[in-house]
Structure formats: structure tokens, C-alpha cells
Amino acid sequence: MSKKNFKELISQLEEIVKELESGELSLENALKKFEKGIKYASLCNEKLDEAEKKVSLLIKDNKGNFKEKVFNNE
Amino acid sequence: MNKKKKQNIIYTVSDFTKELKTLFEEMYSFIWITGEISNLIIPRSGHVYFSLKDSHCIISCVMFRTQNKRLKFNFENGMQITGMARLSIYEPRGSYQLIFEYVELKGAGSSQTAFEQLKKNLFNKGFFDEKNKKPIPSLPSKISIITSPTGAVVKDIINISQRRFENIFLEIVPVKVQGKDAEYEIVKAFENVNMFSKSDVIILARGGGSLEDLSAFNSEKVAMAVYASKIPVISGIGHETDYTICDFTADLRAPTPSAAAELAVPEKKDLKKNIDLLRTNLINNFKKNILFLFQRVLDLKIRLKNPETIIDDMRLTLEDLEYRMTNQLKKKLNFHKYELNWIKNSLYANNPEKKILKLKKDIQNLTNKTKLIMNLIIKQCKAENNQQKAKLNTLSPINVLNRGYSITRKYPQMNIVKDSKMIKKGARLEVILKKGKLLCQVEKNE
Amino acid sequence: MSKKNFKELISQLEEIVKELESGELSLENALKKFEKGIKYASLCNEKLDEAEKKVSLLIKDNKGNFKEKVFNNE
Amino acid sequence: MSKKNFKELISQLEEIVKELESGELSLENALKKFEKGIKYASLCNEKLDEAEKKVSLLIKDNKGNFKEKVFNNE
Amino acid sequence: MSKKNFKELISQLEEIVKELESGELSLENALKKFEKGIKYASLCNEKLDEAEKKVSLLIKDNKGNFKEKVFNNE
Amino acid sequence: MSKKNFKELISQLEEIVKELESGELSLENALKKFEKGIKYASLCNEKLDEAEKKVSLLIKDNKGNFKEKVFNNE
Amino acid sequence: MSKKNFKELISQLEEIVKELESGELSLENALKKFEKGIKYASLCNEKLDEAEKKVSLLIKDNKGNFKEKVFNNE
């Protein structure tokens, strides 16, 4: 399931919310969907966290290198 | 030979005039002409302006004061004159005029006539032609002076020459300058100098005198010797006003012997000065060139735009791009975060708790209903039973007992005794009364 | 006889009532029927009492459980 | 019987109510049905309770995680 | 990648910025692009640093020589 | 390169100055051109220095050695 | 070159001075010209001093041979 990309997860999450909103689900289905939704949401969160970490790492690296170099050049 | 070429050229007025001037002034630098004077004007400058005409044509002429002073007569309109002149084209007006060097009245004395004839003769032979005149060297290494070795003339020439150029090499060629041998000696001297001397220039000199005194210099032989000389000849004969045939024939005419020396010998210090000047100019000009080139290189160097500004620009561009990229990505992350939050909120808002509560209520309702109905059913059943019970009670056969009857039944068979005969003594009987039952034993059958 | 269900009992009781109403029964028969009727009625009563007991037991059970559970969930 | 899902249970409960309402049942049958109904209702309640527990668990778990993560990202 | 010249790098970086600004990239793609972009930017910076070093070296070298010469020429 | 004459050098220098002034060069080209320009300018200066040396030698020779040379030339 | 007469030398020197003045010569040409000019100037100076100061008399002796005699000015 973690191989789904963010967009797929979000759209499936939206689908779930709609289904839940419709009120037409059986109790068991509603429960399953809700559980799934929670799982998807947390996967999305993980993905965003990873992305953020990566970005801040890249930025730090880049700025780090840059400043160091600028410093060396003087 | 350049005709074809020249036809294709479009001249400016100035260029054409200049070309004409050069051409004609060269061609007619020295002509003899005769005519009648008219339109004579002598302004205060002393130059003489007049026209020379014949029956068909007229030419404007001028004779400058210096030449004019030597004339032995005064100009008058109507005079017939013969003179030596050069053609001059005056560029600003595009007009031409004759500038007279020498003028004499037509029909002068016989010696004069003979002189004139010889002059014309020699002129026609080209003796006086400018093109036959040899250039005078600017720095002669040796000067031969054909003149009388005695007298002031040779002294003057030596003095002047040596004053002008101290290490000049002079050679005096002694000749008689008047008398019957003069002509021969002069001619011989020319021959000898041409043959033996390694001179660069010859000065033929004599002091002033009468026409007869100067006769050797007006002779055809001397003129021929001068003309034939391979070494250029400067004549310095008589005074300024004296014009001899030799003067006309010589490569250069000096008005006096001293002047001849001056013309032949350059001032050494002038030459030195000139050379020094040229040398200085040479050095200065070259230095100027070098300085100019240095300056040019320096200018170019200053202009050589250092790519640092390019680098700075690039840095700004790069920073902008980096900022935009990072910003965009952060925005995107934030957007997704908000998106996710929103969906999450929706998810929570739609969690199944409500549904569960509703279902619970439903179940409760159903349960209540079931109970209610069940109770109802039981009640109904009770009612039915009670009804039957009541009916049964009203129909109970025991009701007759209330009126005092009793029911007797044989015991234990419990069949009702309707006939005493059927009962023996001692038999047991049950008697049901209004209230209670009796168990009796038969004592007697009646 | 106790194996008869409530409805049979009631309808036999009704039968007896009808016979008694007809007045054609001998006293003996009538007595017998009457006695039978009484018996039937009492059987019906028993059955009803049993049913009532059971119902209230079921309800009690259900309510007890229910409340208890609701309580635990909170 | 516990393998029936919630919907089946509830519809059977409804069926029972209807049958009871029809008045055509014998006392004994009605009693049986009643018993069954009560049982079904209690099963339904159990299921609902379970569902409720699960949901509140999911919500509690996830909200905790969620808030924490959002905080770190800022 | 380091064989691309500066202009190419900058234009590819611009391309990435545009793509990111278009908002049409998926999160994963955007991340990849960003990583690439950061790499390009750091390459660009390296190139600029190199160029600056070279220029300042050339200028230093040359100014030294130049002044000396000018002085000698006077 | 030193075989180019002064005029060629200076006109190439001018060309380079113009190209750099046009601002249309890529970074790499600008760098190369600048380097070349610096080289050309210094070559130009060398040539001028040489010329100046030669000239001052000629001048000195001529003044100092004047007599000697006059003697030799004959 | 020493066979050129003074006038030619002077005019060539003048020519060279003019050419240098025009500033239109290439450095190399200017150098050549300059060298030539210096040489010419020095030749000119030589020529000025070449002649030997004397005044001779061209006369024939008895045998009819020419004889150079120092001219006695006094």
C-alpha cells in the first residue's frame, strides 16, 4: 500500500470521505473504510514528513556548501 | 596617354584648375612674346599691370616691382614691346596672365638686335628650356668657380661659401672674363672642369660692367659651353639688372656673383639644424606613435570588461531561481498539508460514531417494541382465558345447589345416584352441597 | 394433556363452555366437562404465568446487560 | 448466529417485530420469537459497542500522532 | 552532468522552476525535480566560484605586471 | 601567438573588448575571451616595450656611437 | 645606401618623418621606418662632414697637365 503515491492516497482518501458522507455504508463497511481512511491519512502524513525532511536536508546541504565555498574563496 | 583615363574622371573645379596650372605653367615657364601695351595701370605698390594685344587678341600681364626696377624705360600705352615672361594661371578666377621677367622696347639698337636674335635663336634651340635645366645639388661636395682669380668677385665667393659651409671644397678655375680671350678661356674652362674636376656644381661669375664688358657672356660659344656642361651651372654675372645669354642658359641664374655663391652653397648650420630637426621629429613622432599605442592598449585594457559583473548577474539569477524553487516546493508541501488536514477533518467529522449511536437507538426502539408487543400478546391471552373461565363459572352445574339441591354420587365410581334401588346398605355416597361435600354411608334403603 | 399448547387449551375450553351452554348435557357430563374446563383454564393460567415470567426474565437480562455495557463503554 | 452481520441481524429483528405485530403467532411461538429478538438486539448492541470502541480508539490514536507531527513541521 | 555549460544548467534550472510553479507536478515528481534543481544550482555555484577565482587571479596577475610596466615606461 | 603582429593583436583585443561589451557571451566564453584579452593586452605591452627598448637603443647608439658608425659605414 | 645623395636622403628622411607623423604605420613598420630614419639622419650628418675644407686652383702645368694648386686668397 505504501507504493501508492501521494496523489492516489489523497484521492482514495477523498473517495472514502465521500462514501462515509453518503451514509449508505453498512456498519462493517463504514468501519473498514474509516480504518482505511485513517491509515491512508497517516501514510500521507509520513510522505509529507519525509518530503519535508528531505527538502530541508537538501537546502541545508546546498547552503552549507555554498557558504563554505564562498568563505574559501575570500 | 592618359587621355582615356582622364575622360572618365569627374574633376572638381579646383582639381581641374590645379591640373591646368601645373601643366601650362610648366609648359610655358619661359616664353618670349611681343605686342602692344594697353590698359596700363601702375598702382603704389610699384607693380605694373597692363594688357598686351595685337590685332586679334589681348592678354593680361604684370611685371613686378623688382623686375620693373631694372627697366631702362617707362611703360606707356601704345608701346610695342618684346619680353620674356612666364604663364601664370590664377586659380581663384580661372584666369591666366603673363608675368614678365624682362621687357625691352621693340626696335632697340643693333647690338641689342644681335643679342635679341641670338637669344631667339638659342631659345628656339631649347637652350633656355626649363626642362633642360639641371637641378642644383643641395649639398655639393666640390664647387668649381669659373671666374677671374683676382678681384673682389672670387674673394666674395670664397668668403661667402666658407662662411656658409666651412669645410666646403672650392676649386677656382681662373679665366679671363673680358677681352678677346675671355670667350675661349671660359669655353675651355667648362671643358676642363667637365673633364677633370669632380665638381657637383659650377659657378660662372663676373662682376658688373657694360654690355661690351659682358660680351663674352652673351656669346653663342660660351652659351653652348654652359649648355653642354654636364655639371649644373649657376650664373652670377654683373648686377641684378644685367641679363646675359649665359644667364638664360645657365641652370640657375643668380643676380650677382655673391648670390651665386649663396645659391650654390647651403648654410651648413641650416642643414645641420634641418637634420637635427628631422631627427627630433623622427624620434618624437615615433614616440608619439608608441605612446599612442600604449594609450590604446591601456584604453582597451580599461574597457576589457571583467566578467565579474557577468558572474554577479548570474549569481543573482541563480539565487532568484533557487529562492523560487525552494519557495514553490515549500508552498506545495504546505498546500498538501492543508489538503490532508482538510480531508482528515472531513474523515473525522464523518466517523461512524453517529451511525453507531443511531443504530443503537434503532435497536433500543425495536427492543422496546418487541417487549410491548409481547406483553400485549400475553395480556390478550389472559383476557381470553379469563373470559372462558367466567363463562365456565356461570355455566357450572353446581349452581342448582344454591337453591338447596344436592348431588349424590356413588363412591368411588362417582356416578350420580338417581335411583335408591341401585344402592345397597352400607354403600358409600358423596353428597355435594351448596357449600362443601359430604361423604356418607347408606344405612337403609327405603 | 399438558402437552397441549395454549391455543388448543383455550379452544377446548371454549368447546366445553359451548357444551355447557347447550344445556343438553347430563349433570354428570356437565360436571365432568365443567371440571375439565376448570382444569384447562388453570392450565392456561399456568402457561401464561410461565410466559410472563420468562418475558420479564429476558427483559431483565437484556436491560441488565445493556446498561452494564453502556456504562463500560463510557 | 454471531456470524451474521449487523444488517441481517437488524432485519431479522424487524421481521420478528412484524411477526409479533401480526398477532398470528401462538403464545409459544411468540415467546420463542421474542427470545430470539432479544438475543438479536443484544448481539446488535455488542457489535455496536465493539464498533464504538474501535472508532474511538482509531480517533484517539491518530489525533495524537497528527497533532504532534504538525507541530514538528512548523 | 558537470559537462553541461553554465547556460544549459541555468536554463534547466529555469525549466524546473517553471514546472514547479505550474503546480502540476505530483509531490513525488516535485521532490525529484527539486533535488535535481538543487544539484544544478550547486553546480552553477561551483562554476561561478571557479570563474570568479580565475578572474581574480587573472586580474591580480595582470595588474601587478601592468603597473610595473607603466611605471617603467615613464 | 607571439607571431601575430601588433596590429593583429590589438585588433583582436578590440574585437574581444567589443564582444565582452556586447554582453552576449556565455559565462564560459566570456571567461575565455577575458583571459585571451588579458594575454593579448600583455603581449601588446611587451611588443611596445620591446619597440621602446629598441628605439632608445638606436637613439643612444646613434648619439654615443655616432662617430664609430660613421667610420664603419665607409 | 651611402650612394644616395644628400637631397635624396633628406627627402626620404622627411618622408619617413611624415609617415610616422600620420600615425598610420603598423608598429613593426614604424620601427623599421624609424631605424631607417635614424640611419638616414646619421648618413646626412656624415655627408655634411665628409668634405675637406680647401680652395684649390685648377691650372695646367707646362706639359699641359692639370695641376691642383692651393689657391692663395690673399
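Couple of notes before you dig in:
Chains: A, B, C, D, E, F and G, in written order; residue numbering restarts at 1 for each.
Definition applied: a contact is a pair of C-beta atoms (placed from the backbone, for glycine too) under 8 Å apart; a residue touches a chain by one contact, two chains touch by 3 or more.
A quick note: this is a predicted structure, and the numbers were derived from the prediction, not measured.
Taking the definition of touch as given, a chain qualifies here only if it contacts chain B and chain E alike; those chains are A, F. The chains that touch chain E as well as chain F are B.
Top-ranked chain pair, ordered by C-beta pairs in contact, is B-G. For chain F, the chain whose average C-alpha position is most distant is C. Of all residue numbers used at the contact between chain C and chain D, under half are used by both chains, marking a mostly different-residue interface. Taking the mean of the C-alpha atoms as each chain's centre, chain A and chain D sit 34 Å apart. Separation between the centroids of chain D and chain F, computed from CA atoms only, is 102 Å.
A separation of 45 Å divides the Cα centre of chain B from that of chain G. Mean C-alpha position of chain A lies 34 Å from that of chain E. Of all residues in chain C, those that touch two or more other chains are 6, 48, 51, 55, 59, 62.
Residues of chain B in contact with at least two other chains: 283, 286, 290, 293-294, 301, 306-307, 311, 314, 322, 326, 329, 333, 336-337, 344, 351-352, 356, 359, 367, 371, 374, 378, 381. All chain pairs that count as touching, in label order, are A-B, A-D, A-E, B-C, B-D, B-E, B-F, B-G, C-D, E-F, F-G. Within the complex formed with chain B, the chain D residues making contact are 6, 10, 13-14, 16-17, 20-21, 23, 25, 27, 30-31, 34, 37-38, 41, 44-45, 48, 51-52, 55-56, 58-59, 63, 66, 70, 73.
Residues of chain B touching chain E in their complex: 294, 298, 301, 306-308, 311, 314-315, 317-318, 321-322, 324-326, 328-329, 332-333, 336.
Those residues of chain F whose C-beta lies close enough to touch chain E in the complex are 26-28, 31, 34-35, 38, 41-42, 45, 49, 52. Chain contact summary for the complex, chain B toward chain A: residues 322, 326, 329-330, 333, 336-337, 339-340, 343-344, 346-347, 350-352, 355-356, 359. By the touch rule above, chain B contacts chain G in their complex via residues 137-139, 141-142, 144, 149, 155, 158, 162, 165-174, 189, 192-193, 196-197, 268, 271-272, 274-275, 278-279, 281-283, 285-286, 288-290, 292-293.
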